[in-house]
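A quick write-up on the structure given underneath.
Per-chain numbering from 1; labels A, B, C, D, E, F, G and H assigned in written order.
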Amino acid sequence: MAYHDVVMAGFGGQGLMAIGKLLAKAAMDEGRHVTWLPSYGPEMRGGTANCVVVVDDEPIGSPSVEHAQAAIVMNRPSLDKFEDTLATGGLLVINTSLIAEPVHRADLTTVLVPANDIAEAEGSPKAANMVMLGAYVAHCGVVSAASIEHAIEVSYVGAKKAYGEANLRAFRRGLAS
Amino acid sequence: MAYHDVVMAGFGGQGLMAIGKLLAKAAMDEGRHVTWLPSYGPEMRGGTANCVVVVDDEPIGSPSVEHAQAAIVMNRPSLDKFEDTLATGGLLVINTSLIAEPVHRADLTTVLVPANDIAEAEGSPKAANMVMLGAYVAHCGVVSAASIEHAIEVSYVGAKKAYGEANLRAFRRGLAS
Amino acid sequence: MNHIDIDRERCKSCGLCIDVCNKHLLEFSKDLNSHGYHPVELRNPEKCSACSLCGIVCPEGGVQVYKEIRDKTR
Amino acid sequence: MNHIDIDRERCKSCGLCIDVCNKHLLEFSKDLNSHGYHPVELRNPEKCSACSLCGIVCPEGGVQVYKEIRDKTR
Amino acid sequence: MPSQKQLMKGAEAIAEAAIRAGCRHFFGYPITPQNEIPEYMSKRLPEVGGVYLQAESEVASINMIFGGASTGARVLTSSSSPGVSLMSEGASYLVGAELPAVIVNIMRGGPGLGDIAPSQSDWSMMTKGWGHGDKRYISLCPATVQEAVDMMSLAFDLAEKYRNPVVLLGDGLLGQMMEPVIFPALSEIAPEQSWAARGKLATRPRVIVRSLYLDPAELERHVDHLYDKFARMEREEPRAETWMCDDEPPVLVCAFGTVARIAKTAIGKLRGEGLRVGLWRPMTAWPFPVESLQKAAATSDRLLSIEMNKGQMVEDIRAVIGHDKPVGFWGRSGGMVPTVDEMMNAIRGQFANA
Amino acid sequence: MPSQKQLMKGAEAIAEAAIRAGCRHFFGYPITPQNEIPEYMSKRLPEVGGVYLQAESEVASINMIFGGASTGARVLTSSSSPGVSLMSEGASYLVGAELPAVIVNIMRGGPGLGDIAPSQSDWSMMTKGWGHGDKRYISLCPATVQEAVDMMSLAFDLAEKYRNPVVLLGDGLLGQMMEPVIFPALSEIAPEQSWAARGKLATRPRVIVRSLYLDPAELERHVDHLYDKFARMEREEPRAETWMCDDEPPVLVCAFGTVARIAKTAIGKLRGEGLRVGLWRPMTAWPFPVESLQKAAATSDRLLSIEMNKGQMVEDIRAVIGHDKPVGFWGRSGGMVPTVDEMMNAIRGQFANA
Amino acid sequence: MTETLAFGRTPLLTHNYMHYCPGCTHGVAHRLVAEVIDEMGIQDRTIGVSPVGCAVLAYNYIDVDFIEAAHGRAPAAATGLRRTLPPDRYIFAYQGDGDLASIGMAEIVHAANRGEKLTIIFVNNAIYGMTGGQMAPTTLPGMKTTTSPGGRDVAQTGHPIRVCELLDTLVAPVFIARGSLSSAKNTIKAKKLLRQAFDLQHQGFTFVELLSTCPTGWGLSPTDSLAWLDRNMLPFFPTKTFREPGAMPEHTAAYHPDLKVRD
Amino acid sequence: MTETLAFGRTPLLTHNYMHYCPGCTHGVAHRLVAEVIDEMGIQDRTIGVSPVGCAVLAYNYIDVDFIEAAHGRAPAAATGLRRTLPPDRYIFAYQGDGDLASIGMAEIVHAANRGEKLTIIFVNNAIYGMTGGQMAPTTLPGMKTTTSPGGRDVAQTGHPIRVCELLDTLVAPVFIARGSLSSAKNTIKAKKLLRQAFDLQHQGFTFVELLSTCPTGWGLSPTDSLAWLDRNMLPFFPTKTFREPGAMPEHTAAYHPDLKVRD
């Protein structure tokens, strides 16, 4: 996959930025060019937030994207915002724990993940984002699951190790979902 | 006299700015174009200061002057500075009460005025500047003495009236000197 | 009956009202509002003293408190 | 003999030293220095106590005060 | 009643002219060579029921102006180069919030503390870089004290016409010199602007004076709106003078402010020597009078910009003239005022080049 | 040891790069979108024996920089547009006193408070008007995080080479995005400048760091000396990139900073459509790479400047190109980032015009 | 059975959804200001000045005419309002601790010293909220922020500035007080201070500091934040009224300003 | 018969002719600073910061390395020096009342609050000397200046700011004192204060205010100026030592900064 881009969106605090960074790190470790770009509303906490990750074999031009190839959406307003802008045939990963609405576009590959439920079942209610990341990687394959797992391992060290392990488990549950 | 310019220079506090303004006012009252431009050193008091007055029948271009047609100099450093720059055939009015040095240039019309002595004799030691102005007007004639006298009268009113009268007397002593 | 009116859409689940209510009448709802918060709900209105403390601490101005007026002649 | 040394060229005739000398030994000179000031001069050096007050108040650092050292064995 | 002729320092005349133009509120901080403006205001404004307030700094001045302009009042501040630098942020805010205000800059030698002598070295700052963001200011450049007086009421009118700050750009020479001057009659301007923040009225929407537009799309619309105004200024407000150009002289001198008047003397003398030289003088630094320059330059062979700086306006001239004909520069900087003689030499050099 | 590849935010990478370049002293004040610079510095500088100090304002920052630079230390401050406005006076002082220092401006939308989204609308301020007087700053404009890192040590070297402040001019996109980056090894630079004020030594004349020259003749000599340096900068320091220009494309897109990289994507796609388009990218906003532009433009029919503002760099381009060929402008402002699609449309329009 | 509104939402608060973080007491401070203006019946004569800080959008929430000042310059902008508006207007500025005590220190000291007839509401949350939790001049010793990652080191950055105490050295102010928003009881008291300040505004400079929370910047839950405020801020920032009309700092009363230099 | 130099010109004063007006006590202040540096033997380790004000040319007269700060920013520039130079250096800034108490209020408060290891010499002559005698923040009530032609009107412009008192509300400073140059006796005392400040500088922030004259701005003779200072400035600006090492403002000692937010 030469060029790929993905937008990850949800409420501030749902951990979208973090999974974007993990993806970017994994891609970098695989020797690819990569950019990660955040976007926030005026709120310091709450509100909606998103990030865009671009991966390519060539140096990357625009780090921001109008019609992304893939989207991970974790709340309703983000679905409203990004469903319309996704590229034709794009991949849409939806957190059905928080989003009851149906997807209208027929041309998209839609992956439905009850991420919060899975994470809660796994005993790590905060790791819904990891579940989403897992589902996305499973369906998109822009990077290998192993690269993400490595990125998780090196990102959560020291006091955060236990947290990293929980994230790893959640990620794998997502992969398998 | 279509165009005329004069520089008036001395220690700060000797009243050069004031006589420059009187000349400018007199010229204005005679319907001429006129500019008055001051120049100070870094000192707030003391140091040397000068002003340039330009009078013309036409609108005036430069309010500052390189080779003035006339100079009123009230101290030694000003003589040093302006003797050399005066225009050929210029008028140089010198306060001999404070300047003992001779004038070197032969092409100038030199007027020697013991201004402080005259002013002191007149009982107005601070009016040496007016004596100088009088001598200058007498030899230059750019404006009439009457215009200067009028300017003095209207410039010193109310509480300053007595001061204005002393100035008038000193000016007349200068005219006659 | 005394009761309070919580603006579900304004509530940000900060919990300050829950903490201040010394009758412990307030709880988070299970549902999310459109901003992603679990708004607070009044559980046992009959115990509410209409003391207004919940309203005073609410940063969103999201609580209104109603006091029952008992007929004094009774 | 005690005496003071006034830097004629630095003196600006401010008169602060004249005022502070409680022996009244200081006066303006009739002559101007090159800056147009009448520098202060010491009149009766024999009366100078070398108290240094004139030096302490001079804003120009223009006064130096010399004290005679009497031979203590005498 | 228009007054009779008075002899007045440029700085004081500017202050009086502002009052005549209906300005009753001055906020400023002392700096040479324009102290006569605040000093005059401190005396004169209370006499006409106005308010003079010395700010704690130029940063405070420009923000007091911001508050004052928000109420629709005709407000003025004045300063000189370093102080005007300090106003950069506030000036950009005035543009963003669409507030009318007049700022006088009596330029002195720079950079840094520089000196207190006359200079024109803030041309680039005032016309291009004064503060951040996409913004513009009308800058008026008087050459005589009388023109400064006349431009003062124009400045307030333009500020209100466009709801944008307007600069009166003078130099130490203009500020310090005395010339005879005639003032217009005193006018009273009631601050009755619908956009002014004076307390919420039932009769109009609530007023919020602001420059924040957190949504970039909204900010872009706002900036586009500002640029519509700037485009209109570029159409309607350029002002320039041409002098001694009737015989289509081969050499066109370009100069603004007091340098232009010195240039007139020099050109007059060169004409006496038989050299055909004309003068083009922008009276607005921005909007730069492009058409007027093009017209004046059309019939000349070469241009020479003369400035009291290291060559700032000449960049704008070159942008207009392009490579069509040579545009030379000669100037003095650091507070040195060009003399007539050296200016004549510089102009003569153009004929030598030709 | 040069480090291995790391994924890092632009702002943090800039901070780390400064440290690698020998900077041990940072003075700054928070402002979005560059807070990661001070935050990173507050953590990292103490680890390498340096000093992070939060100033009370940007005015204080730039004056702390002034003091720090006076001792010969490699000092840094960073801010974003409104804060950089506030530094105007101090920046002019740095030039006047001939002090080396590096200032990072991560631009956001303006004017006024504007927004916190990416922008390039301080081009004019930084290249022409930042502060009063005759002055200049070298401004470096990186397009990628790696280039920002590389330019950081260049910035310090140039600042010291010329004893003049140097600006790193980025935008919110550059500051906020993460990219893989490789750092050079950590260097220690001992402040042993002969001109530094570190205490009077018997071995050299007393040091006085100042910008005041009360005698205009002396100030003029000083400004002439500064301009000798600026002229040397104009000869030696312009930097630019041309891309996809080998086949002498008829349309030359001009863009700087992050817009240039977006333009690369757009141009690449247009090339795919068979349209011959090239890119010219200044890497120094000032000195503006005139020769490089002339060369790149020589073989093209028309130019299009694309900017995240209302058209600022385009003025410099037009000044270079003159009336020789059309120079168009297309841009987004107020924090809107141009998309590849709309950029492609704008460029296609040039072919339509042709 | 009828009922009465024991606690209602003042109409002076607009319907806009507030952008503040959950539990942030900026919202409480807004409400108090709105209630005071409402109770005084001065909505049509009140002009607010919003700061640059989390409260920059205050004008979206409090329904009076507003201007938005540059960062730290609200007292100067408010001065511009006061000096140009009819004297019956009420003018308040709302400022955070970065805005007022850091970049805006000169402006607040001078507005206070001139005795500008204003009410300044100083919301002190010991941190820069809006920009992401950097150290403020009022940050407590040892307190961790994004620019004091090891905790505020008093040896390097000094101690918190107590603005009320500092302004209390000036002669002109007529009202200076510090309140807290850490509990319902304190909030009620804080409102009284605001009311006093507005009531006294036409006599001179009035200033109310409100100790406030920033759960996001502090990294604490909203309820923990209130407790933290009480435990840690109050000892250093005592809540009290420092100045009331008639009171004056030491040495001032004895001084009779009747001199003239030059006549 | 031999003689000894009872009072000599310190070699730390250069030979340059001073540009000050006759009788201006800036010259006295310069001499005292030079004498202190001389006596401490720290000429080679001392860096001065000159202000923008009449003393802008201080570097022409005091023979140490110098930098010239922008108007009001000397404390910031001095901070830049302090934070980059080896700790054994002595750094002083010399500022006037316009420079320090007006435009530079934020910088002086914050340098003091951070406890920068500096000595600030504050020459308070109650007027803007350099620019021609405009009103300063320390101008006395009723005092006529070129921008308060009717005398300072306290109702419009407030009362003089007492900077020592204001800074004394901060925790960090180790020395704050006010002296006067109005007589030989006071001048001798003032020098002691300067010496104390320099001696304590490496412990923290030190501040000496010197009441000074501006005969030109005041429109009085030099001798009348000294008398005017004593009669009019002293009652409002008492000369005393406000802060010595170990002393602390109210409420501070009781406060134990040991908290941490977030771990």
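To be clear about the criterion, a contact is a pair of C-beta atoms (placed from the backbone, for glycine too) under 8 Å apart; a residue touches a chain by one contact, two chains touch by 3 or more.
Worth saying up front: this structure is predicted, and the values here are computed from it rather than measured.
**Student:** Starting from the defined contact criterion, work out which chains touch chain A and chain F both, please.
**Tutor:** Chains that touch both chain A and chain F, as defined above, are G.
**Student:** For which pair of chains is the number of C-beta contacts greatest?
**Tutor:** Chains joined by the most C-beta contact pairs: E-F.
**Student:** In whole angstrom, what separates the CA-based centres of chain B and chain G?
**Tutor:** 60
**Student:** Just the number, please: Cα centre separation of chain G and chain H in whole Å.
**Tutor:** 32
**Student:** How big is the gap, in whole Å, between where the Cα atoms of chain A centre and where those of chain C centre?
**Tutor:** Result: the chain centres lie 37 Å from each other.
**Student:** In whole angstrom, what separates the CA-based centres of chain E and chain G?
**Tutor:** For chain E versus chain G, the centre distance works out to 39 Å.
**Student:** Can you tell me which residues of chain H touch two or more of the remaining chains?
**Tutor:** Chain H, residues with two or more chain partners: 20-22, 56-57, 68, 70, 102-103, 105-106, 109-110, 114, 130, 132, 137, 156-157, 215.
**Student:** Among the residues of chain B, which are close enough to touch at least two other chains?
**Tutor:** Where chain B meets two or more other chains at a single residue, that happens at 41-42, 46-47.
**Student:** Residues of chain D that contact two or more other chains, please.
**Tutor:** Residues 12, 35, 37.
**Student:** Under the stated touch criterion, can you name all the chain pairs that qualify?
**Tutor:** Per the contact definition above, the touching pairs are A-C, A-F, A-G, B-D, B-E, B-H, C-G, D-H, E-F, E-G, E-H, F-G, F-H, G-H.
**Student:** Which positions of chain H touch chain E when the two form their complex?
**Tutor:** Listed in rising order, the residues are 52, 56, 68, 70-72, 98, 102-103, 105, 128, 130-132, 134-135, 137, 146-150, 156-157.
**Student:** Quick check on the complex: what are the chain F residues that touch chain G?
**Tutor:** 29-32, 35, 38-39, 42-43, 46, 52-54, 56-59, 82, 112-113
**Student:** With touch defined as at the start, can you tell me which chain H residues reach chain D in the complex?
**Tutor:** So the residues of chain H in touch with chain D come to 1-10, 13, 17-18, 20-28, 30-31, 183-184, 187-188, 215, 221-223, 226.
**Student:** Quick one: in the complex, what on chain E touches chain F?
**Tutor:** Touch list, chain E to chain F: 59, 81-86, 88-89, 92-97, 107, 109-117, 119, 121-122, 124-135, 210-224, 226-227, 309-310, 312, 315, 318-319, 321-324, 332-336.
**Student:** Can you name the residues of chain C that touch chain G in the complex?
**Tutor:** Checking each residue of chain C against chain G gives 1-3, 9-10, 12-16, 19-20, 35, 37, 50, 52-53, 55-71.
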